[in-house]
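A, B, C, D and E label the chains in the order they appear, each numbered from 1.
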Amino acid sequence: MFIAIAIVIGVASLIGGYIAIHHEKLSVAVIASGLVSLFASIIFLLLAAPDVAMTEASIGSGLTTLIFFYVLNKIRQRND
Amino acid sequence: MIKKILIIGVLAVVGLIFFDLFNAYQGNESLSKTANYYAENGASQVGAANLVTAIVVTYRGLDTLGEVTILFLTAAIISFILKFREEDFMPNRSVRVTSELLDSAAQVIVPVIFMVGVYIFMNGHLTPGGGFQGGAVIASGVLLMIMANPNFGVSHKVIAVVESISGIAFVLIGVLGIVLAGGFLDNTLLPLGKLGDLFSAGVIPVIYTFVGLKVGAELSNIIGTISHVQNEKN
Amino acid sequence: MDYSITKFLWTLLGLFIVTNWGMLMSSTMRRIGARVSGRIGIPWYQPWVDLVKLYSLRTQLTHGTMFYIGPVFRLMGGVGMFLFLPMVFGNPIWSNYSFSGDLVLILYFQFFGMLGMALGAGEGGQPYSAIGISRGLSQFTTIEVPMTLAVISIAIQYHTLSISEIVAAQQGGITTWTLWTNPLATAAAMLSLLGAFGHSPFNLVKAPNEIPIGPPTEFHGTFLGVLRTNSAILHVAEAALFMNLFFGGATSWFELIIKTFLIYFWSVFVGTVFPRFRIEQSVRWFLKVPTIIGILAIIIFL
Amino acid sequence: MEYIIISTGFALMLLGLWGILSQKNLIKIILGFTIFNTGINIVMVSIGYVRGKAAPILDVIKPSEAASKIVDPIPQALVLTAIVIGLGVTALMLVYVLKLHREKNSLDINSFKDLKW
Amino acid sequence: MVGPIYIIAVALGIAFFMGLFGKSLKNLSEWAMLAGLGFMTYVSGQWLLEFMSNNRAVETIFTAGFKPPYSINLQMGSIEAFFTFIINVVGFLGAMYLFKDLKKTGPNAMMVYLVFIMSLNVVVMTRDMFNLFVFLEVGSIATAGLILLTKSGEALQAGMKYLIATGIISGVLLIGIIFAYYFSGSLNIDDLLAANMGASKTTVIAVFLIYVSIILELKPFPANGWGIDVYTAANPGIGALVSAATASAGFYVLYKLLPLGGAEWLNYIAVIGGITFVGSNLMGTKQDRPNRLLGYSSIGQIGLLMMILGLSDILGEKMMIIAFGILISHYAAKAGLFWLSGLIQAKDIKGWAALRKSPFLLFLFGTFVFALIGFPPFPSFFGKWELITTLAANGQWAWMVTILAGSFIEGIYLFRWLGYAIKLDHEDLPDFKIEWNKIFPIWIMAIVLYAVGVYVTPMVEGGMFINYLPLMFVLFLFAIDFLPVYIKNTISIGGIIWYMFHIYPVLEGDLLRLIFAGIFLVGGVLTLMAGYSKKGTRKGFYPMAMMMFAGLIGIIEASTLIEFFFSWELMTAGSYFLIIRGKRSMPHGYSYMLFSIGGAYAILFGFALAFASNFDTSLAALGSINLLPTLAYTLLAVGFMTKTASLGLHIWLPGAHGEAESDVSPMVSAILLKAGVFGLMILFLYMDRTSVGATNLLYVLGWVGALTTLMGNMSAAFQEDAKRLLAYSSVAQLGYILFAISIMSQLGWLAGFTYTINHFMFKAILFLVVGGIVAKLGTHYMYEMGGMIKKMPFSFIAVLVSIIVIGGIPPLSGFAGKWLFYNAVIEKGWYFQGAIIFFAGIIAFLYLFKLIHSIFLGQLKDNHRNIKEISAWILVPSYILIIGIMIFSAFPQYILQPIGDMLAPYFSTETLVWEGTKATTSLGYWDGTTIMIVVATAFLLLLAWLLALSSKTKKIEQFNIVFAAERPFRPETTHVSYNIYAGYKKALGFLITPLVTAFWESMSNLVLEFANWLRRIYGGSMQNYAIHVVLFIVVFYLIALGGL
């Protein structure tokens, strides 16, 4: 059971990572990267690490993504 | 193209290194020597139910101090890189009008978020979570406020004061540990209390509170700085 | 080591003989040269006449101190060579002051006069003097190469640098002369001698025809007299040196006169046969045939 | 399971490195770094995993038998630190990119070659 | 004692506190920062003092009240105290230096600065692996911030590159740490070291990852483009910190983790260090941005240190002093140089010519450059000495060559740079302000270098004998440099004379040394006397001249190898500064320095072999070399021959001597060159000359000497520049000496001594007088002179006497040399070499005539009609030397007989026999006194004869010459001097085709082109730099673990 979840999430995170790196649209890429972190926090739960999972979810997928968006936004403003 | 092939080749060897690592990894059947010690003595020595917290705050407290310092550094660097000037807070600067809905939602939700954040770091020694997670939650509250009202000036002064005081407090607690107990950041400055209580685990809750405040302030500072920076014309 | 007055007087007498023989030799040679080209030539006493005339001129012009002292240096070069050379073998009277130095001293004393000449002429400010000297020095450097090789060769042969001992080793008949015992060294030295005497083909230094002026013309009067005196002494002294090294030396003044005459004649003979070389030609020439002979002269002893 | 997870971690690291080394857009490169770091974090936590054991929180587990019931808390503690450090570095990089973009109005990594040799 | 933990507590406390400062208190923050740094310095300094004075145990600091490995512990031992102290010192001084920049940027920057220094302290002290990682990250992030103190696009790019590279590196480190934990169950460094993870095939991978990331932090070549860019673009104040503090900390981390993997890893570290050292320095050769150059140099030095660590099992207990010497020199010099760079703010090293405006800054610059190269009395000198000797003792030839090659390459660019600063003609010298807060730290660093150098001297084997007395005198002269020339000159002369009396009893009985001491000291006094003719203060001349003499006399006094080498380097440094004082001597001083360094390294190599043969530090060790003896002799000979300027190594000399100041030329020509002769003599006397190698070497050197003479004299003959002519003449004379002493017989050595003494006297006279004339007439070219005999009769006589001596014309002492030569050559059987020598001797007449004719004879030029005789202060020493020549000529036995007696024991047969004034060999005889009497008498008689005949001569006008048709009207057209030996050149000019110059030129081009090609890897792309980092890891992996 856990193995199946692990495989699914593992594959999902790799796909997310691939999208993050290769998608042309930066916003999509940033969201994909946030998703990778989210999947990672699920993996941490699987590994019996709730603390890490919480941190990854709040900081890795939450704050980091937001900061990315802020910066992207600034860059876009400049390009306008 | 040649470069891509080169990179793939290089990464293939990196993969080989990882394969070596993977081969070396045999899983675990039992805890390591150090972990075993923590499992056996953590609760009695530190008094924190959450062993991760016990390690982060006490056994490896110096790391945490370093970690807090890193965020502190980042915030400081970002603010001096981005030339955080007073003019940036001029209220008539923004042209974007945000929705009323978001604005009023923010007013309701933000205090709740803050409460959640405080809860997380106050209970760091009991449940999963702690100063960093709580700090991050608080920072997201600040973020929401900024999103709701772009003209909302993050009061730099308030943040700075919170940040400084909590930082100094952290250091002071550490030093008090030397003076009153067994060493820098010694946990037994305060009584350990009963395992599982809110007011237990020595200074862990205190430290985590300060860490939470500090991290929250630092992250808010970073976000605030980035969001307020003007497109300098130079 | 004899510093007595008697020794000094005997030496003076030797010098007198050598000077006169030198003048006679030069007039004879000029006569022979003239006869070869179909002229009559000068009378045999002409050098004495010239000398008396020069020494008695009333006005002497000088360009400065060095101009004045230059000829003295030059004469000292000739006289010095005579002084340090044993003239007649077996007679300490005629060995002059050769006890103070050996062959190397003679070789290097040649430069004494050259230097004086060069400096004296230099002060004259005459451009051709400088040109002449530069050519002379250029040519001289390479003349010395076969000469040095020959000297080294005979030093190896006799294992001495003392002229008296070299002569002593050659006593005992004509076959013991270096000429026969070490013909290569002799050949190299005799070729180099051509340059040393400065007759054609190596007379661009003096260049009597093309450049009518130069050191000898800038000097006149007593200065020229001194130079003439010197050349008389020097020619005999150089010839005597070669005689001592290669032709068995002389046991009497007569032998000396014959041998020096023949040695001197060798250069005049060659001079009348060959045309003049340009300076780079003569420089190259000395580094070719004579030098190779000189090297062979050493190789046979290795 | 932990083998699958640790492989996922290594794979994410490689993916991240690929992004860092091959992408031209600076933002993408930073995304590569976050993925690289996520991979590292996963690997680290897997290292501390003990098969079938629970999280290192002694609320139901008694301290006396903790040693045989919990996973290794140390890597978790380290990862906590690493995540925060990662955030700091990422934020700093992003601000750098912001400034760089202002400098040249470009996000292409190859437009910043002023310093060489 | 204040606990080391307070370093962290106070630094962080102050940093956090700064946020509380409102606007009103803003000005306080910089003082708070300084106070914090001062406190940190105090704490570490106090520990350092404690460890130095008391033999106390290492202090361990436990955090959280638990023992390791369960909680993080820090350690404060003597080494930690040292490293934290130097880090804090440079941190404090750097803060002073950056005071205004930091203030302008605000308290945020100060916080970052403070935290940065603190993090390095923790990196040094911590004994926990993960803690190390955290604080390395703190350091990197702080660096990335501090780079932006300079607000430029370049700084931004550099910072980004730095972030990307360190991002990858720290990821690798983290993986390594977690696996190390997995394998060993602990994060404590001591536990990890004890775990012996290098032994197992599975666990070694963690070791690899940790090593590779720590090594990458040290910026190994070629994966270091990101690091160099940081040095280039960051504020030099930050560059100083990165170079001095970060690198020191990183070095210590590597040291700390060195036992992690076991001995085989040391080789890899050594190789990487070696490649970095050579590669990085090589690229420096093509660099002309000062900061970037310093970056290359920094990385190179760290490479050297890395290499030393890698060789630690070979170096054994010596490793400490070696690493200490090199590290502290790098530390102080690099910090100082970066700070200087910040003062000048030139974009090109040529702009450093601006330093000239401030002699004291120039002094500092010179100090740093010399310290980096490893000159005495700096600690790096001792470090390199110990390094090379210890390596030699273990037979590590390849490493010795690597180190010396790398150091040499470093010298190439550092001395070019120094040369630019001292001499380059640069139109617009950038203006710079001298602020006390910027100067003070630089001064401190310079003082540190000197003080530490003196401090470590006795720690080196044999070092306690080094005599610092002459150096004190040099220092004293520096202190009174503001006084006018005549005072300093008198003091200098007085100093030398005092030293003569001081040293005479020491050397009495050792004639060889006494003669050279006489040449150096008497020569020093005489050449210094000429200095009275100069006006003004002549800044910098006297300390440098005295430094050279201190070195020279040190060579004489030396009884140990290190003393000798110490003095040798001192002399080189002093003479370099003297030479470079000339107007156009920059390129020549540069090439002098390069040849000198190369030569010094050859000597060092040879000495190391000598030392390693029997572990004997005394000079007598040269006599019993059994490690590669032939190579050792050859290297030593080549080393000494760089000073004697023998063929192939001579190309620096003509320019250096020709362009030097008028009284410097005699010093460097007549006196300095003899140092090389002394070295060769010492070598030849000690070495085992019966060995095949030595015999062959001597044979080769004989040929080299002969050919040097030929080439030197012929080149001199074609010179138009009077001083260059003399310089080539020196080359030739030294060729004679080399040839003479290579003969290795009593006669040969006597000839060598005769030449040495003669050359000293006549070359001093010639350079003094001709130098004076050149200075007076304002031209070097002889064809622009002429007719000076009437204006300068005393000079003329001096020159005349000198050229008679050079020519070897009897009766003066030059003939003694020729006579001895003939005898020695024939006795030895070196006929052809001898023939070349004699041929060359006659060629000398060409240049001698040209010299005296072109200057003194011929036509006086119109613009020289009002010229007066040169200064009496030049003539007096010249005439003293002439008296010396006369005495030597008339009474050669008084000098040559004792020398012959001294030499007799060294050579099997005594071939020269003296009977009164007459010397006899198996071949010939020579009586100098008689010749003198005969010639003098005859000359006077002849002169009297001429005077009697022509008492009334008439002096005529200059142009009144017998000329074919008309009177010449211009002296220029009538003075024949230019290309006077055209015909000769046509015939034999091919012999002096500058093949040697062409050879060295093509060599240097090759190196530079290679460097230029190599540095293309630094193409500027940050991504490529990241690829380099990964590639480095991959290649290292494949080699170390992949079985490649």
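Everything that follows uses one rule, which is that a contact is a pair of C-beta atoms (placed from the backbone, for glycine too) under 8 Å apart; a residue touches a chain by one contact, two chains touch by 3 or more.
Only a predicted model underlies this, so the values are computations on that prediction, with no experimental measurement involved.
A.B. asks: Touching both chain B and chain E: give me those chains, sorted by label.
C.D. replies: The shared contacts of chain B and chain E, listed by label, come to D.
A.B. asks: Please state, in steps, how far chain B lies from chain A along the shortest route of touching chains.
C.D. replies: When the steps are counted carefully, the minimum from chain A to chain B is 1.
A.B. asks: Hey, what chains does chain D share as contacts with chain E?
C.D. replies: Touches both chain D and chain E: B.
A.B. asks: So which chain is farthest from chain A, going by the mean of the CA atoms in each chain?
C.D. replies: C
A.B. asks: Just grab the chain with the largest centre-to-centre distance to chain D, centres being mean Cα coordinates.
C.D. replies: C
A.B. asks: Between chain B and chain D, what is the gap in Å from one C-alpha centre to the other?
C.D. replies: 16
A.B. asks: Return the distance between the CA-based centres of chain B and chain C, expressed in whole Å.
C.D. replies: A distance of 107 Å separates the two centres.
A.B. asks: For chain C and chain E, what's the span in angstrom between their mean Cα positions?
C.D. replies: A distance of 53 Å separates the two centres.
A.B. asks: Chain B: which residues touch two or more other chains?
C.D. replies: 7, 10-11, 14, 21, 25, 32, 34-35, 38, 50, 52, 60, 63, 66-67, 70, 73-74, 77, 81, 128, 130, 132, 219, 222, 226, 229, 231
A.B. asks: Can you pull out the residues of chain E that are in contact with at least two other chains?
C.D. replies: In chain E, 130, 134, 137, 141, 144-145, 175, 179, 181-182, 187, 1027, 1030 touch at least two other chains.
A.B. asks: Could you list the positions in chain A whose residues touch two or more of the other chains?
C.D. replies: As it turns out, chain A has residues touching two or more other chains at 49-52, 55, 59, 63, 67, 71, 74, 78.
A.B. asks: Can you list every touching chain pair?
C.D. replies: Every pair of chains meeting the touch criterion: A-B, A-D, B-D, B-E, C-E, D-E.
A.B. asks: Give every residue of chain B touching chain A within the complex, in rising order.
C.D. replies: Residues 50, 52-53, 120, 128-130, 132-133, 136-137, 139-140, 143, 219, 222-223, 226-227, 229, 231 of chain B touch chain A in their complex.
A.B. asks: Going by the contact rule set out above, which residues of chain A touch chain B in the complex?
C.D. replies: Listed in rising order, the residues of chain A that touch chain B are 49-55, 58-59, 62-63, 66-67, 70-71, 74, 77-78.
A.B. asks: Which part of chain E faces chain D closely enough to touch in the complex?
C.D. replies: Per the stated touch rule, the residues are 130, 134, 137, 141, 144-145, 153-154, 156-160, 163-164, 167-168, 171, 174-175, 177-179, 181-182, 187, 229, 232-233, 286-287, 1015-1016, 1018-1023, 1026-1027, 1030.
A.B. asks: Using the touch definition up top, name the residues of chain D that touch chain A in the complex.
C.D. replies: 1-2, 4-5, 7-8, 11-12, 15-16, 18-19, 23, 25, 27-28, 30-32, 34-35, 38, 41-42, 45-46, 48-49, 53-57, 70-71, 76, 79-80, 83-84, 86-87, 90-91, 94-95, 97-98, 101-102, 105, 107
A.B. asks: Mind pulling up the chain D residues that touch chain E in the complex?
C.D. replies: Spelled out, the residues of chain D in touch with chain E are 13, 17, 20-21, 24, 26, 29, 33, 36-37, 40, 43-44, 47, 74-75, 78, 81-82, 85, 88-89, 92-93, 96-97, 99-100, 103-104, 109-110, 112-117.
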